[in-house]
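In the two assemblies presented below, chain A is common to both, partnered first by chain B and then by chain C.
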Partner chain A sequence: MIPPIIPIGLYLFAAFVTPVVGRINRNARWPFALLMSLLSFVLIASLYSDAQAGYTPYWLGNWVPVVGTLMGIGLVLDPVAWLFGILIGLFSVLCIMYSKEEIGDAHATRYYSLVFLACAGSLGVVFTGDLFNLFVFLELFNFVCVGLVAYNGNERSLNASFNFLVLASLATTFLLVGIIILYSVTGTLNIAHIAYKLGALGLEPASLVALVLIFIGIGVKTSFFPLHTWMPEAYSSAPHGASMLLIGMKYGTGLYALLRILSVVFGFVGTSWLLILIGVVTMLGGVLMAMVQSDFKRMLSYHAISQLGYMILAAGLGTMLGMTGSLFHVLNHVLYKGMLFLAAGAVIWRTGETDVNKMGGLAKYMPLTALAYAVGALSISGVPPFNGFASKWIIYNATFQVNPLLTAIALLVSALTLASFLKVFHAVFLGKGNNVVKEVPATMTGPMMLLALLCILLGLFPDIALQYAIEPAAKALMNPGAYISSVLAGMFG
Partner chain B sequence: MMRDIGYWDALVWSSLFILALLIAYLLLRRKKTEREADAFLCGESFEYTTPPNDFFFGFEKTLSRIFGGNERFHSNIINEYVAWLLVFAALSSLVFIAMYLLGVKAI
Partner chain C sequence: MSNLLFVLCAALIGAGIMGVLVKKNMLKIIIALSVIDSGVNMFIITRGYVDSCTAPILESGKSFSCLVDPIPQALTLTSIVIGASVTALALSLAIGLYKNRGTLSIKGIEK
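Showing the complex of A and B:
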């Protein structure tokens, strides 16, 4: 087994070595960065069999638990961690590939280092089995995000990064205080150990306060309504490749941490009306804001919030079908939303315009970008046979089992999403416009085409992903007891 | 799994999608009457352009209170965003405490 710390370490290594490579040969930075991201992706992919075998704890420094004592820092590999991890790995490759032309030569070193640090932070969140380490990795990811959002250096991006910095700092304060309280109650920081001790103690008032603080702290990272306010400006101001990367990692950090902590630490696996309510409000709030946007990437950001609502709603149902739909929608959403951000980035990069009112007729000049956008738009709107429909279909079925009204709301949001995307597709790619431009280079169209292909394949053959990645992950989240007993094996003699 | 919750066949889905594309293409290609040719959408002739922002004018007008409120909420002013965070924190604390007192096991 390859220890899961290796890909995290490789990202950190790449982050610090890229500037050295740049000093030696500026032209070697991009190939080096691409090679490192590919290697990390392969390493994460190779963890598949260990992840599917169950919960595989890896104890740093070989500090394995002995009877009655747990001292070491553990990483835990399971199907959920692998699913989120592989998305981070894939997106790091695509981001580096896409950014070659967009970022140019001047500040590429800084950019690649930030991307690798973001990957290390989010992968650490996914693989860690320790609550304090989760906090540390989350902080690393947050501060790198601030750098990526501010990367363009204009007023808008600086303002967005400042807003994000303030809200993320507040959120991490909530999270840290929550973790401190849990530590004071249980005397441990290991997630499984905390869960075990809380199970024995029951939910005391102090643990309840910790739950509230952690819920709010992670809520800001997950960016569900109304804690999402930082996100639309932040993601629309970042470099285009970074926007895609951040969308992929948002779920690898925020949503993953939320589901993992609620499920394992606090043992919530039943129907959660609070999560359902948050999911519904997030879906509706996001899509209604998206409909009135004229900024291309901001519109996509609001749709990302709306789609997050589907995931939270489905996870909150507390059924196996709901959790499966939620995780499948995470996978599908990351693929098509990543592609939509890349397509929007390509258009903005070529035309220099961010306002869709000032675009038009670009399908003639940028046919591959238009194709990618069309596939993404149909996928996110839940049109068969694209991947968005497959996961939404599961979510519709899951919500129908709990309350048909939820299904009606989910269908309505899909219809509004389609309306919004049709508007933008027509405005940007059809009709006539002022912009006479060329198609973007192959390093930019390549990632878009790959994601488009994945969207189509996962739409036509959803059972492959469901069988080999999604269902095992959903089972793992629905059975926190197995996580706890596997990680703590050896502690009880 | 998809077959367990409904009909799912890759070949049928792709055939239907291709058929829909074909119909759309034929509709676009057919000769338009003069009246139809006058119709316009955003991105077409600048003289008669409907900007994308006005695409759902009626819808937005009808729901202007909802849209307006939602837009005011997204003011991009950090003080207000922090205030919303604190309001949400207070409200969710109340919800969690109520659930705790009522003995509800799931949130």
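Showing the complex of A and C:
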């Protein structure tokens, strides 16, 4: 098997070698970056069979636990980690393809370096089995996010990245204090070992304080209501390719880490009304805020928050069906939201406008972009046969089993989402406008068309994704005992 | 002794959070962030500290009765590095914003 450290290491290698390649030949940067990201994607994909076989801890520096002692840092590969990892791999490839024209020539080197560092950080968060390691990778990812958001260098993006940096460092401070409290209660930093010891000790007041601190700390990264304030401005002022990349990684670093820690460390797998409440408020708040936005990418960001509510709601139900729906919605959401960000980016890049009311009639000039946007809009609103419907249908079923009122709210939010997207589709692509533009080049339409194809395929054949990727992952999250016992297998002889 | 240290850590962290929330000047916010970091680092160190024990360095010919926990100290080193990078990154953003606006005052997050 390939150790899971290899893709992380490859991203770090690519981040620091791309500038050297740029020194030798400026034109070689983009092919080199694309090659590296494709290679990492293939490597992550090839981990599939190991991930499905069960939890395969990989101990860094060969610090394999001996009986009674666990000292090393372990990377744990399981179906959930693979699912989020493959999304990071896919999106790094698409981001580098898309960014070729947008970024231009002058500062491309540092852009590719930042993209690779972001991949390394978020992949580390996904694969790690150690809480302090998770904190370090999360900080790496935060710093790179700040760099990517500030990349355009204008006042708006600098302001957004400063706000993001202050909030993110406050959040990670909470996270760190929470981790240290857990360490002082249990005397270990390994997630499985902490869970094992907490299981023996029971939830003491100190562990509860740690839980709250970690929940807030990762909550800012997950950006559910009301911790979302940094997110719309940061995502809308990043370069367009980077916005898509950050959407692809946000769920790996936020939602995944949150669910993993809640389920494994604290053993919460039942119905959680707190998560359901957060999910409902996030869904409604996000969509209502989105309806009043006129900035194209800000609107998409608020819709991303609203869709996050579906995932948290479904995960909070605590049923197998709910968890399946939640994870399937993550996959679908990342695909269509990434595509929407690419389409919005293409429009903004060609017209130079960010306000949807100043655009119009672009379907004639940019037919492929309009097609991608239409597929994305129908997917996010849950219209069959697109992929958003497939996962929302599972979520509707799962919520109906717990409380039909939740289903009604979810349907209402879908209807509001559809209204909002149709309005923007009309404003941007139909009607009359002053902008006479060309379709964007093939490096930009290619990623959009690929994502649109994936959206339609997943909508038509959801069973394949469910059977091979989603259901094993949901099972893994619902059964934290298996994680703990297989990571700690060496410790008990 | 240890309780006094906890109060001190909490005071540092609290003062820092207060500063981040209340101050309008970017430099003061950055200073407040590093005050929080100091409080957190101190907190980590106190978690590994054992009264009247030696540092965990083995030397031949020296005997010891007990050792302090070395892991929190290692974690603190990482945390200090991260804190320094936060400060550097925030300062560079502040410089960029100052060049754009001519003021160090923050603008609220737009709704």
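Everything below uses one rule, namely that the second predicted complex is superposed on the first by the 493 of 493 C-alpha atoms of A that agree within 3 Å, B and C clash if a C-alpha of one lies under 4 Å from a C-alpha of the other, contacts with A are read in each partner's own complex, and residues count from 1 in each chain.
One rule holds for everything that comes next: a residue touches a chain if its C-beta (ideal position, glycine included) is under 8 Å from a C-beta of that chain, and two chains touch if they have at least 3 such contacts.
Quick caveat, the model's predicted, so the values are computed rather than measured.
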| item | value |
| --- | --- |
| Superposed model, chain A: greater residue contact from chain B or chain C | B |
| Which of chain B and chain C A:F268 touches, first, second, both or neither | first |
| Touched partner set for A:V166, first chain B, second chain C, both or neither | both |
| First, second, both or neither for A:Y373, with chain B first and chain C second | neither |
| Contacts of A:F132 with chain B and chain C, given as first, second, both or neither | second |
| Touched partner set for A:V146, first chain B, second chain C, both or neither | second |
| Touched partner set for A:A427, first chain B, second chain C, both or neither | first |
| First, second, both or neither for A:F461, with chain B first and chain C second | first |
| Which superposed partner A:W230 touches (first chain B, second chain C, both, neither) | both |
| Overlapping contact positions on chain A, where the chain C interface meets the chain B interface | 159, 162-163, 166, 170, 229-230, 233 |
| Chain A-touching residues of chain C, taken from the complex the two chains share | 13, 17, 20, 26, 29, 33, 36-37, 40, 43-44, 47, 71-72, 75, 78-79, 82, 85-86, 89-90, 93-94, 96-97, 100-101, 106-107, 109-110 |
| Residues on chain A engaged by chain C in the complex (per definition of touch) | 132, 136, 139, 143, 146-147, 150, 153-155, 158-159, 161-163, 165-166, 169-170, 173, 176-177, 180, 183-184, 189, 229-230, 233 |
| Touch list for chain A against partner chain B, complex | 159, 162-163, 166-167, 170-171, 174, 203, 205, 208, 211-212, 215-216, 219-220, 226-227, 229-230, 232-233, 262, 266, 268-272, 274-275, 285, 288-289, 291-292, 294, 318, 321, 324, 356-357, 359-361, 384-385, 390, 393-394, 397, 419, 423-424, 426-428, 430-433, 459-463, 466-467, 471 |
| Chain B - residues contacting chain A, complex | 1-3, 5-6, 8, 10, 13-14, 16-17, 41-46, 51-53, 55-56, 59-60, 63, 66-67, 70-71, 73-74, 76, 78, 81-82, 84-85, 88-89, 92-93, 95-97, 100, 105-107 |
